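The data blocks that follow each hold one structure.
In what comes next, chain A is part of two complexes: it sits with chain B in the first one and with chain C in the second one.
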Partner chain A sequence: MHRFYVVPTLVINVAIILVPALLTVALAFFRWDGINMPVFIGMGNFQALWADRVFWTALTNNIIWTLLFLTVPIGIGLLAATLLLVARRGSMFFQVIYFLPMIIATAILARIWQGMIYSPVSGVNGMLQRMGFPTLDPLTQPSTALLGIATVDLWHWWGFLCVIFFAALRQVPQEQIEAARIEGASFWQMMRYVLLPGIRPTITLMMIMTVIWSFLVFDFVYILTQGGPAFSSEVLSTLAYRSAFYDLAVGKAAAVAVVISIFGLIATAFYIREQAREFDR
Partner chain B sequence: MERRLFIKTAIALMAGTALTGAALAAGPITWWYETATPEQQGVITRNIIEPFNAAHPDDSLSIDYRGAQLDNQMRVALLSGTGPDIVYTAGPSYVAPMAQAGQLLPLDDYAEQFGWNERILPVFLEMGRYNGQLYAVPKTYETLGLFYNATLLEEHGWTPPTSIDELEALADAMLAENIVPFSSGNALWRPTNEHYVSLALNAIAGPENVYKALNGEIPWTSEPFAAAITRLNEWWQKGYFGPNYFSLNGEQQVAELAAGRAGMMPSGTWQFQHIETYFPPANAEAGFVGFPSTEDVGEPVFPLGVGSTFSVAATSQNPDGAAAAIDFIFSDETYTAMNTEWQGEWNTPLSDLSGITLGDDVLPLYTEAMQTLAQSVAQDEYGYTTWTFLPPATNSFMVSGIEEVWLGRSTVEQYLAQWDATFQQEMAEGKVPAIPAR
Partner chain C sequence: MRLIESRATLVLTYALLALLLVVTLFPIALLVINSVKPAAQIVQNPLAWPEAFRWDNFTRAWTDARFGQTMLNSAVLSGLTIVLVCTTGSLTAYVLARRKIKSWKIITFYLLATTTAPIQLFLFPLYFGFAKLGLINNAVAVSVVYTAVWSPFAVMLLRTYFLAVPKELEEAALIDGASHWQVFTKVMLPIVSPGILTVALIIGLYSWNEFLIATTFLQRADTTTAIVSFFLLSGQYSSDWGEIMAAALIVVLPVIILFILLQRRFIEGMAGGSVKG
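Up next is the complex of A and B:
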């Protein structure tokens, strides 16, 4: 009888996730402009993607993005959360400050960085240029555009991770921490042998979610560069968006969405396996 | 007796409800519009919505501002059989697929009834045809030209260029003075790139060649187009577009020009709305001329642009009311009222502007430019903007691909080859918009 409890969520998931997902997978095998009747073309969209250099640029950018977000914000978040744990005084204040960027709308954050920091006319960058420093707007250079966008996203993201890690660290048994202190453990030894093992499941979950989110990244890229200049900051989701709504190639966009989902599925499978292991322990 | 009274009352109530429903079904006219500031929304309400509803008491025109993604929302709504009565598209290239899918009503009878065939410039009616039937009428038309800082030019003893060679000589002189020759930027609107591609195609390759290519008579890889894009690339490499192209937006272009940090601004007539904001505070005067052409092309060409059209949805419950509202927008009174308060966005393609006098506050430069454009169109001496005449995927590639050429990631030949391949595919699929005969 208790199995029926899952029915409501199952119905919602089937209706608003599974059906559109299956339709998207099906559309990946059709040529469709979003207006007229779709035409079945088999693997045509995937073959077109294989031969499309912009697709490979976008895929590479997503991988770079994932690597960046698996290291930099997680590292900073862990460090800051540990410091908050060590120096309890003012931890609430700093948590709020760190978390603030998360509650500001993405569009506003992106425009603030674009207009008030990066802009050579109205931003800090322009002020530095007028003072004689040879600075550049990173969003305008193919070699730095993706990093320029990632910087904005990292700035708003690491605080969230810090708060999550801090909450997890507070669950580490106090006796273990006290015992390590009595044994004379240094800060790094405390981190390595007590705190990090204590919050391992949280770190694993955050890393898996980072992989999934990194392949879904869209908002900051679209607002700041729309994938440019010269496709240098294109990611899979902006490529899918441009294909669907500018090129009127909805089938190709669906094929890109399938590729994005494959990476998400791999990460999800990994997460489920990890969870099963946790239960076994 | 009581039962009879009950039945009578029930019947009367049902009939009343049905009649009200029928009246409501015939009355409302819905119209989705793109982004507009609160001030601009006020201008539309004052000059279109309120006077139309006053003149048509049986109808009720309402407008819904849908933002920058109107185009995507409209496509989804029409696909699901919903959406507004008045279909506002992003240009003629979007009309053909919608007409093909049966989402739009043919407007030929309304054109006859309201006299649009006489009142609207014929070339614009041609753009809205699909398979010989009229499906859309352009809301506004625009052109590209060369704005310049007249005060700056006078201070340096320079004159506005009349040929491509003069343009390059002036741009080189500006570079030597540390002035950016072309005030330009695509930070908030990446398709700004196509303004420069359109200018190069018309001024260097010439509108005749563009016309042939749009009709599939010559490929886009032909020599005139290679020459045009090569020259455009040379301008980029020489620094004509300045160091901040990817950082500046459309309004900042005007600010830079007014401040004298840039000398010229190749751009569209929609920029007239910003001239009064930036030039008087900078104690500068603006100028506007046709973009110079090569000797082979001759006189400056005004590329014709249409960024939005009106149609009536096939599912509309009140198509007559929707057509009447479109007709109201194409009246002399609406043209005068809208262009007096909001220049550059409501230049409806009326055949005869002789009876129209705009308000005293309107920049004479704007009135002159619009009259010159109307004259060029009436004499069939116009060029082609890419956003009006290229099919969607070709246009999308053209916008992004030119950045690859500028930044050395692709050659002119590679760029044009992919442009042509995309165009040929879309042409085979019937996605090229109607091209009026020259």
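Up next is the complex of A and C:
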């Protein structure tokens, strides 16, 4: 009987995700404008991507993004979490505020940063310029556009990690901390030998998720720069979206989606292995 | 527990925590103060306290973004998604947590794997398929898409709640002659209802805030969501940032109020679903 309980979830999931995903993989080998009959072109889409400069920019940007998010927000999150552990009093208050940007829609956060901070007309940036500082709008410069977007994402993201790391730090067995204290461990020794090893599974999991999420990033790029200027901030997901809905090159978009998924799949394998340990307990 | 007793360290700790607080709140403070300023004063100095409060920013934002219509659309879409996710999700979570079927492991891993699938991997065939079936601009269709995307998360979160229910309770009910369905609806569901409430809150938040799927599938003015109409407004009237910030505040305010009232639930739910598995 219980077999039927899982049917609704599975039917919806298979119909919306699995079947279209398999179709996407198939579409990657076709030329299709979304209207006429698809034409089989073998590896044609992948060959075109290989020769496409924008594709390589997008892939590089995704990799830069991944490296950036593997270090900066995880670092800030860990630092803030340990500070909360030291401070203790008021930790709930700080956590709530740090978490706040996570519950606000990406579209809105993007517009706040765009208009109130980066804009040379209405933003803080414009004010600094009028005061004589040589600041630029990072979103309009090919060399800084990606960093400008990443800053917004970093700003809204690190608090989430802080909350997760703090929760994990509080699970570190009290006896280990006491023992280290009696041995006269300094704060850094405590971090290095007791606290960080104690939350290693959480850090590992967050790093795996960071890799997965870094290849999915879409909203902030699409809203802040649309991948511009001159494709300098293009990432794979915006490239796929534009190809499908603006250029009506659905086959090419599907090929890009397949590339994103290959990167995701490797990280997903690690993710499932980590989670499997949890289930076996 | 105190890691360190030194007073200087404690002062430094709070100073750093306060600095992070300021960094976090700065853009949000800009949103709030500029929502009541005329565009001209924002251009002059976005950091200044409003000289005159322009409440009509809000009324203009309300009309220009057609929030009367689009906020209602968002609420309907969120409500539909919450109902779909909670009903289908709790059924599945129960079976998987209790390992009621042999294939529980395969199904769990399959669901975990789909949480990491990029939306672009299924978006394009789905869009053109929906277009053929006339399901574009259809809130029910979009709520089904949301359900597919978020129910694995909901299942994993609810699973931990079902695991916490003692097995004896279930067995006792069965011995008393309750059917499996009665055990699920009369015994299990009431106990895990805090978990279902958490899931409902978070799924509601996600569907209220979602951008990519909404902007793709709900294009017609009378079907679109508040976030998409805000996005369109901020693209069109890009000169009046007072009005844009007022519009942003209108969309964000219900979320922030709920968050302040139920902070623990939000944080535990969002953090727990992705970590505990």
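The criterion applied here is as follows: the second predicted complex is superposed on the first by the 258 of 281 C-alpha atoms of A that agree within 3 Å, B and C clash if a C-alpha of one lies under 4 Å from a C-alpha of the other, contacts with A are read in each partner's own complex, and residues count from 1 in each chain.
As a convention for this text, a contact is a pair of C-beta atoms (placed from the backbone, for glycine too) under 8 Å apart; a residue touches a chain by one contact, two chains touch by 3 or more.
As the structure is a computational prediction, the values presented were derived from the model and not from experiment.
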Here chain A is shared; do chain B and chain C fit on it together or clash?
-> clash
Determine, under the contact definition given at the top, whether A:P101 touches first (chain B), second (chain C), both, or neither.
-> second
A:R242 contacts which: chain B (first), chain C (second), both, neither?
-> first
Which of the two partners, first being chain B and second being chain C, lies in contact with A:R88: first, second, both, or neither?
-> second
Please indicate which partner A:R3 is in contact with in the superposed arrangement: first for chain B, second for chain C, both, or neither.
-> second
Which one hits more chain A residues, chain B or chain C?
-> C
Could you say whether A:M207 touches chain B, chain C, both of them, or neither, answering first, second, both or neither?
-> neither
In the superposed arrangement, which partner chain does A:G34 touch: chain B (first), chain C (second), both, or neither?
-> both
Which holds for A:F218: it touches chain B only (first), chain C only (second), both, or neither?
-> second
For A:V121, select first, second, both or neither according to whether it touches chain B, chain C, the two together, or no partner.
-> both
Which superposed partner A:A254 touches (first chain B, second chain C, both, neither) | second
In the superposed model, where does chain B crash into chain C, at 62-70, 206-214 or 260-268?
-> 62-70
Which chain A residues are contacted by chain C in one complex and by chain B in the other?
-> 34, 119, 121, 245
Complex contact set, residues of chain A against chain C | 1-3, 5-6, 8-10, 12-13, 15-21, 23-24, 27, 34, 76, 79-80, 83-88, 90, 94-109, 111-113, 115-117, 119, 121-124, 126-127, 155, 159-160, 163-164, 167, 174, 177, 187, 190, 202, 205-206, 209, 212, 215-216, 218-219, 222-223, 237, 240-241, 244-245, 250, 253-254, 256-258, 260-261, 264, 267-268, 271-272, 275-276, 278-279
Contact footprint of chain B on chain A as seen in their complex | 33-36, 114, 118-121, 137, 139-140, 142, 225-231, 242, 245-249
Would you tell me which residues of chain C are touching chain A in their complex?
-> 1-4, 9-10, 13-14, 16-17, 20-21, 23-25, 27-28, 30-31, 34, 39, 42-43, 45-47, 84, 87-89, 91-92, 94-96, 100-101, 105, 107-114, 116-129, 144-145, 147-149, 151-152, 155, 180-181, 184, 205, 208-209, 211-212, 216, 227-228, 230-231, 234, 238, 241, 244-245, 248, 251-252, 255-256, 259-260, 263, 266-267, 270-271, 274-277
How about chain B: which of its residues touch chain A in the complex?
-> 71-72, 75, 78-79, 97-98, 100-101, 103, 186-187, 190, 243-248, 252, 255-256, 392-393, 395-397, 400, 403-404, 406-407, 409-410, 431
